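Shared between the two complexes below is chain A, which has chain B as its partner in the first and chain C in the second.
Entry: the complex of A and B
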């Protein structure tokens, strides 16, 4: 494994060099919160942050994305023909994402890249992106990454991991793309691998020790789907829910979208927008029938999808990386950690924990 | 606040024991600082989870819509006014409710407090006057009045407008409050500045509809933004559609909004959405001398007609 020392004095000049070859995206403080956005030339990412308000999923999967345009003007030869929109899939670098968010891209990939279906928009954007992680030395109290198959120094989904040592970053190169990125920036000072490895290992242990919240997931796979589905606790869990889309929009692993046509005069756009299983419209049939017509059904769907259906389908843990955003942002304090534990322990305790 | 909690528990236990209600709707302690979760209790044993403190800003009237049970509901001033509105609008029957009124000393503004500290806040406690904030390596005592939600600072109906039980003695209402300083500032702007102001205000909106869904007034079976035949509003985050949603929502709340602040509190992006509903509240006060939810005996101005209604806008 190769490690590079990046003196923070050469950080800005390195990024300057990178603009030649990449569009750069990173966290910046926007009024009150940190958000991911495209950096303009000379703009530096602000890496002094806990985590961004929303996840960086929109860099690859925009909230609203136009796919086609068309004309309804019958005097034109190509009327009523969908035409693909040209998009910028030139190389881009997502700088400073947390390991939990990096892991989420791999998780979402399961949905957008299957042997049967390949989502061209998501995949093109994903393949154009290189992922530059920032190890997490100060996890939040709502972070439960270590029990969600992830961790503050987790490397899956990353091309490069930056570890902040104060005056410098240690960059751990994880893929050839990561190596190209480093070269392109002109950061050349190699670090002694044994020493770097030791530093990172010590910091990792310290960071993991700071994780104060956990979920239990070991029993989820063994539970009967129908028993969980019919469990009496959903009414109590769903009671506070107002069925807004906050949890699903903040979530790095929620991938659902809705396709809409928007027509103005004789020209139209076909776009897709994030959708949310919390919305009644999500499952509304053309007939007017809605199979998930109540709040309890919708809340159950969200948690069953993340913590049971996904677990059963992929046998690789829960559909959650433990970033804690839904916990921090839910207007009514519905806490996935509590729900996960209730589901995991259902049937093995005499009484529900409340 | 512990005396409030004790009294709420005592009343709730009595109502459940005497079978006067089937459930009590209140708050339980949240899992993160400055958050409580709306909950119901159905048995006297579950009463212990009920709490009352300065983190009960969600409007519980929102949880009454269309319910069939006999319900005990904990109601601060604004909640009680929305309960009145709910009763007038046939969303719940007065006979179904036993209202446990809470004379309210104001709710704290979580976003404001979070923004005051660089590091994460791990624990927040309170006493009568202060909020004590703790995190790794810091502890700070804040004056509660300095960190109240904006709507609570200018609240003139802290006591419940309607109640069957009281969790504490009634409070003196705040006097000489200028409720509309912010609205007047915007009214005075030139049209283009006003437009720019709204554009900037709404630019972070992600169309999650937390503002709408936290609002007890927004109970339409299908909201106009969700209609598809015809589709009134686009569903993307196009600024025109986002603006349409916010403006129309505000108009739907005219003469009904109690400025409970649930919308603003719920917004994950921290958008000050109350400015729209406040403008309409101000108009209703100035045009009709109307404040929502104070009496069961009067219809809101926009669903009734009086011969002397102002008509200056007809030209």
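Entry: the complex of A and C
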């Protein structure tokens, strides 16, 4: 494994060099909150942050995205025929992404990259992106990444992991793409691997010790889907929910979208937009019938999808990386950690079981 | 990378008003690029997304059979924005089509008796199945074929000319029925589909499969009849409907449990449905 020492004094000049070869995205403070945005030349990401308000999923999966264009002008030869449009899939670097968010892209990839169908928009953007992680030394009280399949120094999904040492970053190169990134920046000072490894290992242990909350997921796979679905606890869990959809919009692993046409005069676009299982319209039939007509059904769908259907479908853990955004942002304090434990313990000895 | 969201352009070649309430029309579609027809290689029971530029897409079962070359047929009920716009279109207009979508179970049905039970305008993919099985090249692949098809009134039956033709054949047992009629010349059955099924359907056995497609109320009352006739749940095949967008199992809205109706369905055996949440 190769490690590079990046003196923070050379941080800005390195990014300046990178700007030639990559579109750079990073966390920037916007009034009160940090958000991921494209950095203009000379603009620096603010890496002194806990995590962004919304996840960085929009860099690969924009909240609103054009799919096709067409003309409705019947004097044009190809009127009413949908055309693909050119998009900018030049190399982009996502700088300072937290390990939990990086791991989320691998989970979501399973949905967009299937044996039968490949989603060209998501995959092209994903393949164009290199992921430069920033290890977490002070996790939030709502973080439960270590029991959700990742952790504050987790490396899956990253090309490079930055570890903040105060005056400098240690960059752990994880892929050839990460190595190219470092070269392109001109950061060349190699760190002694044994020493770097030791520093990172110690910091990792300290960070993991600070994680204060956990979920248990070990029993989810063994539970009967229909029994969990029919369990009596959903009413209680959903009682306070106002179906605002904040959890799904903030979530790095929520991927549902809607497809809509937009027309202005004689030209039109087919767009896709983030959608949410919290909304009744999501499943409303043309006849007026709605299989998920009540909020209890919709809340159940969200948790069952993340904590049971996904678990069964891919046999590789839950559809959650433990970033805690849905917990922090929920206006009525619905807590996925509690729901996960109720589901995991259902049928053994649970307060809510009866 | 192939873009699975990009529709093939097609031209509306013919429009047939099917029912007396004029709410159901059959659209015959022809591919603008002949190569696309080959790429759109389908089996009965599958569906497609019809795409109207400026309006959106709708998932509709394919009413034509792959044995009918040169065109596709879709029978569409006028319900919402896209279907209403489609109903107002004329021959020569250009729309798009994506698919074929969904799975089929024809490997299971090979060499078996097939009992088709349909109600109302859900008969479209069943028409496709019947035309497919009756094709001289396919007919020997199936044993007895029974069809129980009901509508509210004679004028609400789809494909009336074809129904009359099938009635005259000896390689298919037709049991057409209507809920009620004051037509003195009506020469077929009168009664609801579950009742007629009880009277006419052959008993269930390991060699017999029932294909059911119809409104929920019909399915609800037909299922106990099939149980009584001895059909096991893995020999009852049903087609489900859901609000859909992508049609390829990606956009996330049409799931029942971990299955997406668009990609893992829309056809499920009752045995499969028994193990899924009742959320449809």
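Here, the second predicted complex is superposed on the first by the 351 of 354 C-alpha atoms of A that agree within 3 Å, B and C clash if a C-alpha of one lies under 4 Å from a C-alpha of the other, contacts with A are read in each partner's own complex, and residues count from 1 in each chain.
Assume a residue touches a chain if its C-beta (ideal position, glycine included) is under 8 Å from a C-beta of that chain, and two chains touch if they have at least 3 such contacts.
Since we're looking at a predicted model, the values are computed, not measured.
Novice: In the superposed model on chain A, is it clash or fit for chain B and chain C?
Specialist: fit
Novice: Contact-wise, after the overlay, does A:271 reach chain B, chain C, both or neither (first, second, both, neither)?
Specialist: first
Novice: According to the stated criteria, A:68 is in contact with first (chain B), second (chain C), both, or neither; which is it?
Specialist: second
Novice: Where does A:89 make contact in the superposed view: on chain B (first), on chain C (second), on both, or on neither?
Specialist: neither
Novice: First (chain B), second (chain C), both or neither: which does A:124 touch?
Specialist: The answer is second: A:124 touches chain C but not chain B.
Novice: Can A:338 be said to touch chain B (first), chain C (second), both, or neither?
Specialist: first
Novice: Just to be sure I read the superposition right, which of the two partners does A:19 touch: chain B = first, chain C = second, or both, or neither?
Specialist: Neither partner.
Novice: Check the residue A:244 against both partner chains and state whether it touches chain B (first), chain C (second), both, or neither.
Specialist: Once the two structures are laid over each other on A, A:244 reaches chain B alone.
Novice: So, A:258: does it touch chain B (first), chain C (second), both, or neither?
Specialist: So A:258 meets both chain B and chain C here.
Novice: Angle chain B-chain A-chain C between C-alpha centres, in steps of 10 degrees?
Specialist: About 90 degrees, rounded to the nearest 10.
Novice: Once both complexes sit on top of each other, what is the least C-alpha distance from chain B to chain C, rounded to whole angstrom?
Specialist: 5
Novice: Shared contact residues on chain A, chain B side and chain C side combined as an intersection?
Specialist: 258, 260
Novice: Tell me, which parts of chain C touch chain A in their complex?
Specialist: Against chain A, the touching part of chain C is residues 1-7, 9, 32, 51-58, 79-80, 83, 93-96, 241-243, 245-246, 248-255, 257-258, 263, 275-277, 279-280.
Novice: Within the complex, which stretch of chain A touches chain C?
Specialist: Residues in contact with chain C: 67-68, 70, 72, 79-82, 84, 111-112, 114, 116-120, 123-124, 225-226, 229-230, 255-261, 263, 268, 270, 272, 275, 277, 282-287, 291-292, 297, 301, 304-305, 308-310, 312-313.
Novice: Can you list the chain A residues touching chain B in their complex?
Specialist: My answer: residues 30-33, 50, 53-54, 63-64, 138, 140-142, 236, 239-240, 242-246, 249-250, 258, 260, 262, 271, 273, 276, 279-281, 327-329, 331-335, 337-338, 354.
Novice: In the complex formed with chain A, which residues of chain B make contact?
Specialist: Interface residues on chain B, with respect to chain A: 30-32, 35-40, 46, 49, 58, 62-63, 111, 115, 120, 122, 204, 206-210, 212-214, 222, 226, 228, 234-238, 265-270.
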